[in-house]
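Shared between the two complexes below is chain A, which pairs with chain B and chain C, respectively.
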Partner chain A sequence: MERKRKKTGGSGSFLHWLPFYLMGLPGIIYLFINNYLPLAGLQIAFKNFNYGKGMWKSSWAGFKNFKFLFKTNDALIMIRNTLCYNVVWILLGMVVGVTAAILINEVLSKTAKKFYQTIILLPYLMSMVVIAYLAYAYLSPTSGLFTKIIENITGTAPAFYQESKWWPFILTFINQWRGIGFGMILYLSSILGIDPAYYEAARLDGASKWQQHKLITIPLLKPTIIMLFILNLGQIFRSDFGLFYQVPMNQGKLFSVTQTIDTYVYRALLQLNDVGMSSAASFIQSVVGFLFIVTANKIVSKLDENSALF
Partner chain B sequence: MKKKLVSALLTAAMLGTMLAGCGGDDGSTGAGAAGNADGAGSSTADGSAGTEADSAGNAENGAEIDFDEEPYEVSIQFVGLFEENNNVANVEAALNEITLKKINCTVDIVPTFIGDLPTNTSMAVAGGEKLDIVTVGLTQKMDSMVPDGLLLELDDLLAERGPAVTAVTADVAEAQKINGVTYAVSGYPYAAMGSGFVYNKTMADQYGIELHDGMTMEELGEVGETLKEHGIYLTTFGNSYQLNYKFANTLDIFGDNAIYGGLLDPANSTVIENVYDSEELRTYWKSVKAWADAGYLPSDQLTDTVSTQEYFSQQKIFGTYTGYTVNQIAVWLSPDFETGIIQVDDGLICTGTAREFMLGIASNCERPDKAMDLINLIYEDPEVCNLLQYGVEGTDYAAVDGTENVITYDGTPNADHNSYYAGFVHYGDPLKQKVIAPLDDNYYDELVAFEESADRSLCFGYSFDASDYSAEAGAISSKLQEMLPELNAGMVADVDAAVDELVAALEDVGINDVIAANQEQLDAYLGK
Partner chain C sequence: MKTKSQKRWSLVANIVLSVSSFLALMPFLLLIIASFTDEEVAMTDGYTYFPAKWSLAAYDYIVGQAAMIGRAYGMTIITTLIGTSAGIVITALFAYMLAQRKLPGRKLLNFYVVFTMLFNGGLVPTYIMYVGTFHVKNTIWGLIIPNMLINGFMIMLVRNYFENSIPEELYEAARIDGASEYYNFFHIALPLSVPILATVGLMTGIAYWNDWQNGLYYLDDKGKHLYTIQNILNNINTNIAFLASNATAGVNLADLPTTTVRMAIAVVGILPILIIYPFFQKYFAKGLTMGAVKG
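Here is the complex of A and B:
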């Protein structure tokens, strides 16, 4: 019997799972081509890259390509901006996304629910250039809607594009407005997977809506929240280039609150076109993101092993 | 088993990575040694020209052409505003009739959007795509293309197959070299460039405004006052972090927004200074601020995304500072109004201007000999250079009656530049090229006279090797983008304070170290 199982392929054998491997092969190939093959390119960050010689034959440069990132006092500003915006937005996005998902889930009419979902998701599909012009329509120094309203009320027109104090709020608003739809979909899909019997039982026990969400929805959303949190931490050293470059209209006066690692790399290398230096910046971003993911996952696994990603 | 499968896949993936090469070469292209001394020589020697019994001599270019071999197709970048070009096939056909007979090759014109030029070139070389003749200058500078290994050395090829090129570009030969090696040839060897002010002549006539060469900013300010009464802005500077044309062409700034310093009096001094700390620039910015305060400039310049060119063509501004050459006006022509230009500062010949429009051979070029044959033919044959520059007569342009070499786009399908239109490149000998109206047949004499009248920078031919200062250069560039636009637009509260702040910031990121290194290299260059 034992011999027969080995020959024909039991549930533990390679032959048994072969069809599934074959089904997964296209995905595996895609993953390797897009995610693993480019890893060899990490060496460009440490080389004097020469297109004629290619990646492998270019000479080594040590850490020379990394120097420009830390050459100015702006290094602290851009790292501060990148990290602080991301921390606030990850936390805020979590709260706003979960809240929106719960509220949408409470809408009874299917048509209304789809309508609201579409409306909320729409900004996510917009190009950042379009969003920049939308913002400009409200904030323009000569014809902006908000500028005019504030001018009529206070007698003074705020110079949004010349004063940095507004931009942490403007960028945060635009980021959340744009991202709320996508975050909401992820949380909503998890909420829809919660067994209605839990809510029924809670209602029979006299639980209010707030209690139902506090004691059922949020605890059952916890794995999704933690997973998205950890994955978002991987991007904590990166920023949305369009948001920080296009929306503030590339205004030098706003750099103290809009300069991030990505915008600095673009500005510093605009004229140099140095692929080694840009690779070095990306290398650091990836390493820091990787460390954040591993650390966060370790902490989560200590607190609740089942919620950890790996 | 699963582990074995995974390890097999990993091995295959890593092998694939290594074989993918990312631009690596093994000399299979015949140009593998680009960037070192062996490159061009070996490539040229590999060419079959001159070795076959049936080869025919080309009396004019001095090279042997093998007409028995299969014609090689030479691909040449054609930089413009679009990735497509409507009449390229007809231009290629017209060119091929000549090139097949003279150098036994065909021509493949590769339209390239100017914004994608550096990316397209580097990706083509890295990926081993077919690319023979590349545009050097514009948005991809020779200084960075050489260390990036994108260009082939040309000295041997020029000696063997490029007599026409050598003759036409003799005066700017030094600017075509880096460390004594030629990497590109000038597409516009009349390199004198001054600063000018281009303006709407129709508007000037309408409001009784008269402009003359050498106008100062104060005098232009008076024009601004007249225009203000009619609701027209004098000019706009936009959200620019570039040193304005008023200065960019009268100083020798080594082609890079003066991030390595510059020569304030290039015809008489070789002392490199921080241009941004000069009295001249302070005075200029104070004049710009006076214009802004007086309302001669749009108040929302810094956030307005409409370009100066668009403002000018829409007649919302009267004019703008621009580079000045004899044919510069052609860039600013409009079907809606007459254009005029005045020269506000003398011309200067420096390395940067000589390197603005160049042709080079890509380091992955399969047949550098054929590429050089075509380059030489472009300089030698007026028909070839005019076909490449202007396209086919009758379709892309029309001759102006009563002139010998003057053409116009008006009245042709190319009136709105939708057909074959080379807006960013120059091909061949300018004295063999046709000219666009309102330039006339006197253009050629004026061009030579302007070149002769221009000062020549004492460090002509020199370029700074900034490879050890790329970190500083990046930081300086970033600082300029942060602080220069407001000064350029005249929108600072106090010019002196803003300049002091800018200079302090630039010094903080090491501009003085860069300038010292630049001076050391220049002194060594001049001492040779």
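Here is the complex of A and C:
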């Protein structure tokens, strides 16, 4: 505090800015280690990786890892699952989120509003491990609630964790169950930004509530909806590792409908010790995912500069 | 005056949202009831909302295994505290630097952050680097550092707050009085940005409390002593025998009330969150909306 600003410490000098750079230094170093250094490791996808030799000394493999990867069924399955679940969930989440937001905005009691919001958002707070336990309480082969109920009705207990046919629905339900509160508050914050004068005018003209939402709320939400839609599309090559790994309990029989790029990369790397295939899949995800995000952002910045990442 | 149509919509909304709230809560209720169910009953009748016989056996077991569970709790608390406080400090300092409009190289530094939000090397290079170069496997740093400490979104969020909500004149006035930049940061910027830092802290804290992925990647059999509650849950999930092999006394897996104990451990894991959640719900909701649509 004693230090007076010296004449030489004008806004152009390095000394003047030095304190700021020092403040930013820990963050710069962290991002460098966590986000930039691993980029050098992308070359592993093109190498015959050997833990003993390390990344730099392992020999080059060309596109061998990719060729092997695409010779298996796994590549097709995991890309299909990643894309299909994402598309369905983005669309579904949009409809559910907008509907929930419009509805909660219609609740007259403030206390009730707060109560609903608190409760419906609760699942979003839980880790996927906990959610896997919740699902297990219903689906467990020996004591699941649904297993027992179906057994009592039909006489045979369904083996949820052995039969893949259930899982597209189970995963979709859990995804929506967990995400509805998030979608709701997201769209609600946009709805609250709409000028009440619009509704006032519509009411005076005799518009019904239904018409008000159709002609005012939805059209005015459109920019937000489109923005979130595109931003979500940018993430379409990524999947919620926890949901696909934890909730189906890592059961091999379910892989045809539960394997995504993220679960494959993990399993190949740490369970099968196949660094080659794993890094090839990981590489594709990084690069294609990057293209998706950049394209999505280009579109978003054209529509509304403030909503774009860059 | 509320019109008839408003009341009718409110009624419909109340009904739909009541059902949704009910659906949101029911699984938690089943989890809690399952943990208080008698083991025999849970085996024959399965988990139900109305068990024929209640029991505290699962919690007895947990109390008996206080060493394992307590240690895991401690790990969860330690990683959450260290990770969150370090994360907030680093994020705030970084954001403060980026918020200096005339900082030479500001554009480049901004891009340095944004790029991390667009592209990452993925699990394989990250894992191999952290394990091979930094040797975080089976250390507490493996739980705290990889991918969790700070992230671009939070930095941008705090930067925007510094830029838009704190008038530059405040700093200028302090500078004229001879204040250093560090003084400005600690005595002007920080106190005025408590709301945003609380939000960032809350989101980071929840992320640490809930994290099991770093444990999955960076802890193996030799790192069991570092398990957090989430790691224990994750391990029991795929391998119920974990309970027996890690029990303090020589416990036989067949003697374990595994059907209910797994549920009881899950309850113990989420209890703190369930208790404090209603109080910070508002900030949590705010943090989520800010993270998704900027500003």
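Note that in this section the second predicted complex is superposed on the first by the 203 of 310 C-alpha atoms of A that agree within 3 Å, B and C clash if a C-alpha of one lies under 4 Å from a C-alpha of the other, contacts with A are read in each partner's own complex, and residues count from 1 in each chain.
Keep this in mind: a residue touches a chain if its C-beta (ideal position, glycine included) is under 8 Å from a C-beta of that chain, and two chains touch if they have at least 3 such contacts.
On a predicted model such as this, the values are computed, not experimentally measured, just so you know.
Contacts of A:253 after superposition on the shared chain: chain B is touched, whereas chain C is not. In the superposed three-chain model, the partner touching more residues of chain A is C, compared with the other of chain B and chain C.
When the two structures are aligned on the shared chain, A:121 is found in touch with chain C, with no touch to chain B.
Once chain A of one complex is fitted onto chain A of the other, the partner contacts of A:73 are limited to chain B, with no touch recorded for chain C. In the superposition on chain A, A:28 makes contact with both chain B and chain C. Once chain A of one complex is fitted onto chain A of the other, the partner contacts of A:42 are limited to chain C, with no touch recorded for chain B.
When the two structures are aligned on the shared chain, A:270 is found in touch with chain B and with chain C. Within the superposed three-chain model, A:142 lies in touch with chain B and with chain C [touch as defined at top]. By the touch criterion defined above, A:286 reaches chain C but does not reach chain B.
Shared-chain residue A:53: touches chain B; no touch with chain C.
Shared interface residues of chain A, touching chain B in one complex and chain C in the other, are 21, 28, 33, 36-37, 39-41, 49, 51, 54-55, 136, 140, 142, 249-250, 269-270, 275. Residues 1-5, 11, 17, 19-21, 23-24, 26-28, 30-31, 33-42, 44-45, 49, 51, 54-55, 100, 103-104, 106-109, 112, 115-130, 132-138, 140, 142-145, 147-148, 177, 180-182, 185-186, 189-190, 203, 208-209, 224, 227-228, 241-242, 246, 249-250, 262, 265-266, 269-270, 275, 278-279, 282-283, 285-286, 289-290, 293-294, 297, 306-307, 309-310 of chain A touch chain C in their complex.
Across the interface of their complex, chain A is touched by residues 2-3, 5-10, 12-14, 16-18, 20-21, 23-25, 27-28, 30-31, 34, 42-43, 45-49, 89-91, 93-94, 96-98, 100, 102-104, 109, 111-129, 132-134, 145-147, 149-150, 152, 155, 175, 178-183, 185, 206, 209-213, 216-217, 230, 233-234, 237-238, 259, 262-263, 266, 269-270, 273, 277-278, 281, 284-285, 288-289, 292-295 of chain C. The touching residues of chain A, counted against chain B in their complex, run 14, 21, 28, 32-33, 36-37, 39-41, 48-57, 64, 67-68, 71-74, 136, 140-142, 161-162, 249-253, 255, 259, 264, 267-275, 277. Chain B makes touch with chain A in their complex at residues 1-2, 5, 9-10, 13-14, 16-18, 20-25, 31-32, 34-35, 118, 122, 125-126, 140, 144, 147-150, 239, 241, 256-257, 259, 299-300, 302-303, 305, 363-364, 467, 470-475, 477-479, 481-486, 508-510.
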